[in-house]
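Once you scroll down, you'll see the structures, which are given as structure tokens.
Heads up, the next two complexes both have chain A, just with different partners, chain B and then chain C.
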Partner chain A sequence: MGAALLEIGAVARELGISPSTLRTWERRYRIVLPERGAHGERLYSSDQVQILRRVLALTRTGLRARAAHSAAVGPQPLRSARVELAASADASQLARRAVDEVLGQSVSEKFAFYVRLVATELVQNAVLYGSDREPIEIELKAFSDWVDLRVGNAGKRLTLKSLRSRRRQGGRGLEIVDALAEAWSIDTGPFGTQIAVRVPKEPD
Partner chain B sequence: MPVDREARKGANEAWFRGLNERLEQRAAQKEQSDRFEIVCECALEECTVRIEIDVAEYEAVRAGAKQFIVAPGHADGTLERVVVSGPRFDIVEKFGDAGKIAEIENPRNGDDE
Partner chain C sequence: MDPANSQTDFGISLADLGNGVWWLTVKGEADLSNAPELKERLSVAIDSGARGVLVDLMDATFIDSTTLGVLVGAVKRLRPAGGELAIACDDPNIRKIFEITLLDRTFNVVDGAEAGIAYLSLQS
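This part shows the complex of A and B:
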């Protein structure tokens, strides 16, 4: 939003390919669909240019354009959602509902139970330690073999050390997340914390 | 797949037990203490109570496929009876459909005796 968009000529120059190649990739393989300007001109975002750069690098290793595009963008989620919740007592319940809406009937009840559990832990942490004036943001992406869950909240920096010490004082840790996740990460700073978790369909 | 309410409660408890098995494994890997923390294995999915338990206590409960560890007062009389009551936790034993689910979902099925 608000970021500069590049026209096709500028993108082509930056990548060292012709504009017609970009148009062909778009038409034949649906590789990057740029926005259109007021006069119908193609406008590429910086994310799209990054994808094109990766596609180009992969084609130079011998991959065909379509395969290069698949490799460049990685697996796409089957379903996804992004919701904002007020930092309140019922946030966990709403998070569980969001999980159910994304997962639907496509997974086992057991797996959905564990994903809801992870979402509950993360959201309760966000309610406990985050700002109560800013919403909690949840992003869910369901892939064929796993679910990616990201929970973000505004507020002070939250480190693993502080999580542990606060747990001793009645707060919550991330043991459940650790036990159920294939991988997780915490990105925290003075303006908030983001925790990203990947829950595999068959953990361990 | 659990279809009715009691079966669903039984499944919740079994899945909490599955999680606790992983928490025990992680505690064993850390080897910091004989005591570790598990989640309450009651029927309520929203329950967030943690229970501190010794490895020996935990293993004694796990010896019975129908036995579960719940916070005091969390037993559900429609699917389980309290067999041991203590200050930190109660041990319950499932009956009926919940008992069958507990046996089917037992993560230690196939373990050597």
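This part shows the complex of A and C:
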């Protein structure tokens, strides 16, 4: 994160494949979804180039692109969902129902509660500090031992520093998310803020 | 309303038990969307001279950091006048939120409404 991003031509040259192959992989199999620059150009992170390198190596052993991608990126979610919510006060309740939908009856009530709580805090943050004209996007991926949550919103950029200073002002949301989630990341760019967390089934 | 969602339907009721003790019960999911209502009902009790407020979460299924903020705000108003706020809650998941934020040290969190009322009656 924060490292230089590569344009599609540079990535294609580095991997020895054509840019159109990269675009096809993205469109058909969703293999690596690059960020977009100010003019809509694809921008690849070094992590993404790494994944592409592994996918390419696997396809050369005879795997098809989709299978190579699964093998290259590791475990795939058991269930997932992507929802867009209007940035209003009831967004966090709708986020909890999306969590219930994805988790179903397959997990303990305690774990489901923790995921609902983390989703609520992240969405609430987006409602309070993001743009109220753009929807909040939530992505939920349930794996066998954890849930990955990504909440994105347009509007003002958020940084970990500004979140922490809000905690000092009395907000306890971050403290709660910190206690229940691992693998925090915050990405801010021209299109807004994305917060990604992983909630493990057995938090420390 | 879909009956399947009945456990998430939010509701608050407020009762004056006398001797400055008030009993506020929260039902369903408390969050940002109903925090203003919670704040307003707590203010009714405090403005009426409450010395002890029991926030009964026995029928609550969810609370979040906004709810906690409202409760802390209420305690800040009660304390200078020697007032107290107690929480009745036996849901381990909700109790965990008070523990994570160390607010179990700010509020007396008890297992049931009777214990909370008894505690507050002794204080006031």
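Note that in this section the second predicted complex is superposed on the first by the 124 of 204 C-alpha atoms of A that agree within 3 Å, B and C clash if a C-alpha of one lies under 4 Å from a C-alpha of the other, contacts with A are read in each partner's own complex, and residues count from 1 in each chain.
As a convention for this text, a contact is a pair of C-beta atoms (placed from the backbone, for glycine too) under 8 Å apart; a residue touches a chain by one contact, two chains touch by 3 or more.
From a predicted model like this one, the values you see are computed outputs, not experimental measurements.
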Could you classify chain B and chain C on chain A, in the superposed arrangement, as clash or fit? clash
Who does A:140 touch here: chain B (first), chain C (second), both, or neither? neither
Who does A:127 touch here: chain B (first), chain C (second), both, or neither? second
Using the superposition on chain A described above, determine whether A:113 touches chain B (first), chain C (second), both, or neither. both
Once chain A of both complexes is superposed, is A:55 in touch with chain B (first), chain C (second), both, or neither? neither
Would you sort A:87 into first (chain B), second (chain C), both or neither based on which partner it touches? neither
Residues on chain A touched by both chain B and chain C 92-93, 96, 109-110, 113-114, 116-117, 120, 124, 172, 175-176, 179-180
Which residues of chain B touch chain A once you look at their complex with the stated criterion? 1-2, 11-12, 15, 18-19, 22-23, 26, 37, 39, 45-46, 48
Taking the complex as given, what residues does chain A use to touch chain C? 89-90, 92-93, 96, 109-110, 113-114, 116-117, 120-121, 124, 127-128, 170-173, 175-176, 179-180
Listed in rising order, the residues of chain C that touch chain A in the complex are 8, 29, 31-33, 62, 64-66, 68-69, 72, 92-93, 97, 100-101, 103
Interfacial residue positions of chain A with respect to chain B in the complex: 92-93, 96, 108-110, 113-114, 116-117, 120, 124, 172, 175-176, 178-180, 203-204
